[in-house]
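Next, two complexes with subunit A in common: one pairs it with subunit B, the other with subunit C.
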Partner chain A sequence: MTNEQDIINRIEAAYPDAVCKKKQERRVEACLPPDRLFDFAGRMQSHWNFPHLSAISCVDWINEGEFELVYHFWSYEEKILVSAKIRIPREEARFISITELWQPAKFFERDIHEMFGVVFEGNDDLEKYILTEWEGPPPMRKDFVTRDFANRFYHFKEYEAEWMGPQQNPQAADVQGGSNE
Partner chain B sequence: MSEVLERINRSFDEPEDEHDEVREYTLFIGPNHPGIEGNFALKLSLEGDTIVRAKTDGGYLHRGFEKLMEERLFMQNIAIVCRICVPDPDPNEENYARAVEAIAGIEVPERAKWIRVLVLELSRIASHLFTFGGHAGTIGLYTMPNWSIADRDRILDLFEELTGGRVYHIYNMPGGVRRDFPDGFERRVHEVMDYIESRLPDYDDLFFNNAILRKRAEGIGVLTSDQAIRWGATGPNLRAVGIPADLRRDDTYEVYDKLEFDIPTLTGGDALDRLLVRRKEIEESIRIVRQVVDNIPSGKVWNKQPNPLKWRVPAGDAYVRTESSKGEYAYYMVSDGGQRPYRVHVRGASTTHGVHILENLLVGTRIEDASQVMFSLDACPPEVDR
Partner chain C sequence: MSEKLTQRTAWNRVLDKLSGRSLWMLHYCTGCGAIELPPTMTGRFDMERFGIHPMVTPRQADILLITGYLSVKTLKRVILTYEQMQSPKWVVGFGSCTINGGMYWNSYATVKSLDQYMPVELYIAGCMPRPEAIISSFNELIDRIGRGEANSWKDYYENYDFYRKNQEHVFGGPINTRTDVKSDKETFRIQSAGK
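Right after this comes the complex of A and B.
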């Protein structure tokens, strides 16, 4: 079994422009230029024995105008999780799909497309999954503020149904009950 | 009259290919159907009784948890996360607490780690019992749901005693757990474990060795080991193809490295083996729970954290994983140094099982086995929808 430093050395030797560090026990982080990711993912799978794509996470760094995509790879033998991070511009965000390497990526990418609006080139199934009746902007983006949306499209009012009237007044309810008897 | 007959005869003479478009039909199962776990829909294309294509249709349980968490304080989110998965809520709490601890560098008292293991294992047993009931229901064995869900209630009683909540516990907090064992709790845990263990032979007679189950589940929804890896199977579904991968061992957390337990595996990869792996896991979980109750060290259960209303977690990110009853359950949390999480990504175990694997496994099975395949994968729609 190799340790985290071996993995870091291996990544840095193959990708001199990658910035790696050990985050904690069994966790390695590798920041890569976006154009190296597909190659990196292929090498992870076929050469470095990382057969499990745990997840793809997306983070909206709105102040920097970038989306961060984080690919989490797990090795059953090395027992190390490598998180590969890349950043892409936020405007008209597009990135290459890794579905031909990892089939589970299909749904992760579809989810990111739906929630953040990132288009993955090469993924043939980017249909809406959860928000099928939603026409607005991708809701997980930071510039979509739930509270503003609610205030704009719904209005608040005091709940005052007529049938509640007598019940709020205990005396009135008593009178009514008495008359029924 | 003769004109009609002539037309009918002509339609019989036409070559079959011209009816291609009517050979296949589409059927919807769900979103509200007793054979579906939770609110979820399957769109099945069928030829006769055989499924030729399957598409899942989720979103009925989408409550925007990830977005909601970005707008709540770190402490408030503890009450939200457990609601993501109904049958097995504790891995969510565990992941959330551990993610915050990893980012903020919070130490957890030793006793709290043991209690967390206890809660996770009890939750695993409860969740498996629930699944057995559901699976049995899909093949018409209705005694099993009555038994297993009644027995699950005994575990919920323990939860109620320990945490105050039966289904949602809101018990794990960053820095430890909310409160210590009540008086005599250890004895009652032993009693319930003895009871559940004594029930397992009954379950075998009623369900696991039942001829109906053997006939119906054997060879259904077969996953090969190669497919399981390629399609991202985890947890019991992966162990049912003979791969002894378990995050409690491989990516160990809390005190699992100090406990003795085996990782049951089977090699068939069909619905029956997935079910039997879960059956064996209950025995292992009982073993773990007994060890925890017997060996738990004394001490405090929570390291005091700053005022939750002013609490800021330093900038950073963490990816934490828990072996839930359904498989790998992971949270990716990012903090920008504020009072609220900047981003929390929930990776439910069913994200792969309930969509990609289910869609692939359904192809070639018959319509009456569709529900069974879903239950054997233990696909939990709320984890997919979040």
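Right after this comes the complex of A and C.
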């Protein structure tokens, strides 16, 4: 049975520009250049015995102007989770789809497209997924301020009871302040 | 509402008294508040001693209990459900979420005050209300029905344009609920009112 260091050695031998790290017990992180990811994923699936794509997640690094896509691969036999991280530019974010390797990636990519606005080339179904009535910008981006949107878009009830002065209700005052902006 | 409708005959009084004693409740359990319903329905608090019984279909239900927050997506289903229910019908908003968004007050995906989209007869405040509060509000509802004051359902017909405008604002376009609200309105001989 291989351990984490074996996996790291294997990745670094095949991809000299990858930066690998053992995060903790049974968790390996590999930072890759974006153009290596498809090749890496195919090798993980077919050669290195990582048949299960657990998830694809996305991180918005707004100060660096980048999206980080994290691909989690799990091996049932090694019992190790490898997280491959790539960074793509945030403006008009596009990346290659891995649906040819994993059909379930369709849903992960569709979700990331909805929540972050990343377009996956090769994924033929990037329709609305969960937010079927949503018209605005992708809501999980850091520059989307959900509080301002809620104050602008929804109607809040103004509630005043005799026993409750305006000072004792900070949330209502907050809402009021937000809608005046 | 016209003068004639506000005057209750003796027959209406008897009808109101009786209809308040056999309420069937449809509970829309989207939020966490639904966890308070099993004790309310079952042995310990026993809702059925007041004649309130859970119902599985909207067409046979009198009360629509909204337990907790509604996202935009679920609000559409609630409106479909509400319009399928036969009048008279009463909506009970359960928990802070239905009043002003509750802990989701700054979320982009949840609607804040339910009474913008359908007339609400009663709100139960709290996060979350205990079964005692549910029982107490149902008793209040029974009293109101018996006195002939629980008329919030007429508001949907009177101000249908107002509610539909708010619904379409949230959904970003017209919706087709396949219920002919306007002919229902003529059945009950309700006039429009400006809101």
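To be clear about the criterion, the second predicted complex is superposed on the first by the 154 of 181 C-alpha atoms of A that agree within 3 Å, B and C clash if a C-alpha of one lies under 4 Å from a C-alpha of the other, contacts with A are read in each partner's own complex, and residues count from 1 in each chain.
One rule holds for everything that comes next: a contact is a pair of C-beta atoms (placed from the backbone, for glycine too) under 8 Å apart; a residue touches a chain by one contact, two chains touch by 3 or more.
Nothing here was measured: the structure is a model prediction, and the numbers come from that model.
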| item | value |
| --- | --- |
| Subunit B or subunit C, by number of subunit A residues touched | B |
| Subunit B versus subunit C as contact partner of A:Gln103, first or second or both or neither | first |
| Touched partner set for A:Lys157, first subunit B, second subunit C, both or neither | second |
| Touching partner for A:Thr146 - first (subunit B), second (subunit C), both, neither | both |
| First (subunit B), second (subunit C), both or neither touched by A:Arg26 | first |
| Touched partner set for A:Glu135, first subunit B, second subunit C, both or neither | second |
| Set intersection of subunit A contacts, subunit C complex versus subunit B complex | 130-132, 139, 146-147 |
| Touch list for subunit A against partner subunit B, complex | 23-24, 26-27, 51-55, 57-60, 70, 72, 74, 76, 79, 81, 83, 102-104, 106-108, 115, 129-132, 139-140, 146-147 |
| Complex contact set, residues of subunit B against subunit A | 58-59, 62, 64, 66-68, 71, 102, 229-232, 234, 243, 245, 250-251, 317-319, 321, 328, 330, 332, 334, 342-343, 345, 347, 351-352, 355-356, 385 |
| Subunit C partner contacts - residues on subunit A that touch it in the complex | 130-136, 139, 144, 146-147, 149-151, 153-157, 159, 171, 175 |
| Residues of subunit C that touch subunit A when the two form their complex | 72-73, 76, 99-101, 105-109, 111-113, 115-116, 166, 170-172 |
